[in-house]
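Pasting the structures here.
The following pair of complexes shares a single chain, subunit A, combined with subunit B in the former and subunit C in the latter.
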Partner chain A sequence: MNQRSWAGLALAAPALAIVVVFFAGPLAMSAILAFRGRDGGFTTAHFEKAFELYSTDLLFSAAIVVLSTAAIAVVAIAIAGYLTLGEHPRTQAILRWLYRWPLFIPFIVTAQVMRTFLAKNGMLNHVLIGGGLIDPLQAQSMLDWRGIVVAFVWKQAPFVTLLLAGAMAAIDRQHIEAARNLGAGRLRVLFEIVLPQARRTLMVGLVLSFVTMLSVLSVPMMINPNSPTMLTVDIAYRINSHGDYAVANALCLMSLALASVGAWFYVREAARKAERG
Partner chain B sequence: MRITRTTLCAALVAFGGALGVAAPAAAQTTLNVVTAGDQNMVDYVNNFLGPRFEKQNPGVKVRAVGTGPGDAGSQKIYEKLSAQQKAGAASWDTDVAVVHQRGAATMVKENLLASYRNDVAAGKLVSRDSAKNALGQNVDGYVIPMFHSQIAFAYNPAVVKSPPRSFGELAEWVKKNPKQFGYNGVKGGMSGVGFVMGWVAANSGMAEQLERGPYDPSKKAVIDKSLASLKEFNQYVVLTPGNAGTLDMLNRGEIAMGPVWVDMFYTWVADGKMPPNVKLGLPRPGMPGQPMYYVVPAKAANAQLARKFVDFAASPEIQAEGIVKRFNWYPGIDAQYVKAKMDEKSWNKLFVDIPPDALATYGRPFPLSEYFTDILESYERVVMK
Partner chain C sequence: MTSIGGFRWGETLARVVVIALLAFAIFGPLANLVLWAFAERWYFPHKFPQEIGFTYWARVFAPRGSALASLWTSVGIACLTVLVTLAVAIPAGYALARLKLPARTLILLVFLLPQAVPNLPVYVNIARVFYELRLNGTVTGVVLVHAAHGLVLAVWIASAAFAAVDASLEEAARNMGASAWRCWTTVTLPLALPGLIASAIFVFLESLDEFTGTYFVGVPDVTTMPLLMFNASMGGNYQIASITALLLLVPSIAFMLLVERFLKADVLAMIGR
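On to the complex of A and B.
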């Protein structure tokens, strides 16, 4: 190795040390403890128990997060698309001002808000009944998987929108104007001209949201009746009620496997970007 | 693992030493009260007990430290005492601790506590079984209950004209009134856990053995069987998000009945968050409840003052004013001594729905900790699948 690469390594060392001490180390410990039996030997008993009791929850978590990610994509594309291609400046200004609000609200507050908003006799149903849209008997509680999805989308869509709208604004306006001049409708411009150019940013935003939602404890704990529930709640439960770190570690690794699917996409995109410089 | 534990011990001893040095410099005695449980426990000591005790004992400063809710809070206190014991410290810096049953049982087993109840006057006023037995461990003499809290059914009498009086009647009732009963499973807090424990006690035919032992691992099959009927029961009920979730849904009229902690319930009523017509009832053969205990560590630095403090805290006047009137807990000492110190109205508020004799008969302890764990895991295996 020549001198320059040593200097580079030295510069990266503090960051690398932090990653090793605070991330790689605990991760390795977690992996080891998930496979260590009471006698100190190797065992898969913790994983067997985790699968026996929580395989439904694993699927539930994956389904919720995938569904939320898809819904976030739809909302983000709609808002960012209007901000870029809309033709009514005042509506655009109001929308631009409004959509960012949830960014500043923590997940736990979101969960608390949704708890009263989505309940059977909550505000949403009161409004629907008052507006004559549904009968009182049709009112039902959305405090189950739907509540989690609503809370996640409400909280994360602005984040993706923020990134996406930025990327769309950076696109050369001439592309859009050329397409419009040639007679393309706004929807067609969005999907065939604008979105393909901002695709990478959308992807990164969605992956970050995916991983974030996977790790949220407060929302499923407060909104969902916990049967089935998301893995984070199970992990907290194994630790708080049973002091059972081994099964909790096994669940963490399962959760990590889910998250690494997202990480794989992210790394792939980042690598491509780096190659193009 | 060993290295970390030794380091931890050393750190704790160093910390304790620092406290020991710091205390006399203040020219007064500091009584360290360490309490498990929610913030209201720390508030109770800091805002209510402490100032009153300090007034009676000039030169004494009461300092309360909270270690967090649930058994995990008691576990932290246990770990600290255990570390000081293993390090051979001559005196320990916790003077009085407030712990749950599971914590007290472990501490007594490992000789971490002083047998002090007969040294204090208030010790003679305790009558509950839980003052002698904590989840199967004999704790007689080592603990004085601070309060007792109970899980009961709350129901809205406007909807539920004749509430079910037993678990059997409840199972019939939910079929006729689907989605009107709600509880929070086993992951959303202890009121749901208590309901499940009550269900197993009622349907397994081993209520007595669950409470008193002996522990028999082969009974897992019996527990599984009793929970199979709970799986069917669950089809007719609503699962709520948490202890407060059940209260929320009762308040909004979305369910008509559900298990709740009695003290939480009364606090919600007092805060106007629950319609005042909602009532409480205890089903047969009973629902679990639990005390929290005042304990004095075996080598408490201020052992005499600690006894004086507990004697004060467990006195009928304090139990009446603080425990019952302000915090809606059931008294830790025998109810008759407390009643004598209270106005009729405040007393009746606590016992209007569940009279003392019903509480004594149907207020049960939690199962032994081994059974407790078996039941929770069986619930996940049988009911949630």
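On to the complex of A and C.
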């Protein structure tokens, strides 16, 4: 290694150290504690117990985050696509102003907002009743899996849209105009010209959202705390009510396994890009 | 002509309807929160609160109330987190963007770790370690946890900001005889500054809004705004929870309105490269 690479490593070292000590270390500890029995030996008992008690919640968590990620992708592509290819400047300006309000609203506030909005007495029901769309007797609380998905999409879609719209704006307009001049419709331009060039950014945004949603505690805890619920709620419950770090860590590893599915997509994409150079 | 006119009207109508639905989806929930913040009494099936007033606001802002104290705790922790994070993220971001780093992809992936891995396992175990180090329930402990998490965005955005700076400008400055330091402070840093400010904003907000880490590491002595809100909401006090939520919304929305000024498309396009 030459002097320049040493200088680079030295500059990056403090930041790396913080991540390793305060993040990677505890993470490794989670893996160890999940497999360590009371006598200090190796055991899979914690996993057996975790599966026995929480296998439904594992599936529930996976279904929620997959569904939310898919919905986020649809919303982000629709909005970013219209912002890039739309032909009505005023609508685009309104949309650009509108879509990002939830961007920096914290998950915990989103949870509180949805807890009131989607409740039986919430504004959604009042508007549906007022609009004659449902009967007052049909009003029901949406504070179950639907509430979690709505909260996740509401909060994360603007983030992915912002990234995606930025990537789309950076695309050479000539590609788009050439395709339009050759008679391609806007939808076709979106899916065959624009989206492929912005795909990497979309993937990054979706993977980050996928993983973030897997570790959000406040939204499932405030919207749907009863079983079946997400693994995060179970982990907090194991620790706060039972001081049971072993099973909690086994559950942690399960959510890590779910997350690594998302990370695998990301790494595959990165490797493909490296191959192309 | 009429058919074309009819088509246009239909399209305009569709546009208005879609925008109106989107506006309701975004502002409806927020409006509901505002109503709760001023509701004194509100039972189903009343559409609006039966009584509105400021009783709960007075309680939140009472001089010996816990809300103001937790507001200052939150802001203080967020500022410290920004200082710690930027002090290490700026050199790291510069190194990743400009210098030849061995295993550069690996290093970028390590910085992705706190974002690419569910945080809960980390908080759970770090709380155990901090308990033995007596860092549990201290501001230092909370700041360290927030900084480790904030580093991801800070390093990635800082690296993108430096990468977006045209290297030929730096070369020109060096060719005209500027020292490396002078070149860095007069060319590189000012050009990358908007991106760096954006990363500081992101770190500040992430810290201000962070709940899970504080929930495990900060208890019982460090009560930030999100924790206060959570306790109020789970205790069934929707008014206090909604008022606290509104207070947390103010910086979030202010930064949302400002962010594009700092985070230009050219920087966004460099993120993750």
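FYI, the second predicted complex is superposed on the first by the 253 of 277 C-alpha atoms of A that agree within 3 Å, B and C clash if a C-alpha of one lies under 4 Å from a C-alpha of the other, contacts with A are read in each partner's own complex, and residues count from 1 in each chain.
Just so we're on the same page, a residue touches a chain if its C-beta (ideal position, glycine included) is under 8 Å from a C-beta of that chain, and two chains touch if they have at least 3 such contacts.
Everything numeric in this text was worked out from a predicted model, so none of it was measured.
By the touch criterion stated above, A:Lys120 is placed in contact with subunit B and with subunit C alike. When the shared chain is aligned, subunit B comes close enough to touch A:Ser141, but subunit C does not. In the superposition on chain A, A:Val211 makes contact with subunit C only, not with subunit B. Looking at the shared chain after the overlay, A:Thr44 reaches neither subunit B nor subunit C.
In the superposed pair of complexes, A:Thr56 makes contact with subunit B only, with no contact to subunit C.
In the superposed model, A:Met222 lies in contact with both subunit B and subunit C.
When the two structures are aligned on the shared chain, A:His242 is found in touch with subunit B, with no touch to subunit C.
More residues of subunit A lie in contact with C than with the other chain of the pair subunit B and subunit C. Residues 115, 120-122, 222 of subunit A touch subunit B in one complex and subunit C in the other.
The residues of subunit C lying in touch with subunit A in their complex are 15, 19, 22-33, 35-36, 42-47, 84, 87-89, 91-92, 94-96, 99-102, 105, 107, 109-111, 113-126, 128-129, 144-145, 147-149, 151, 155, 205, 208-209, 211-212, 215-216, 226, 229-230, 233-234, 238, 241-242, 245, 248-249, 252-253, 255-256, 259, 263, 265-266, 268-269, 271-272. Partner subunit C is touched in their complex by these residues of subunit A: 1-2, 4-5, 7-9, 11-12, 14-16, 18-20, 22-24, 26-27, 29-30, 33, 88, 91, 94-95, 98-109, 111-117, 120-124, 126-127, 130, 136, 139, 154, 162-163, 166-167, 169-170, 200-201, 204, 207-208, 211-212, 214-218, 222, 232, 235-236, 239, 245, 248-249, 252-253, 255-256, 259, 262-263, 266-267, 270, 274. Residue ranges of subunit B in contact with subunit A, taken from their complex: 70-72, 75, 184-188, 193, 238-242, 245, 248-249, 252-254, 373, 376-377, 380-381, 383-385.
Listing the residues of subunit A that touch subunit B in their complex gives 52-54, 56, 115, 119-122, 141, 143, 221-229, 233-234, 237, 240-243.
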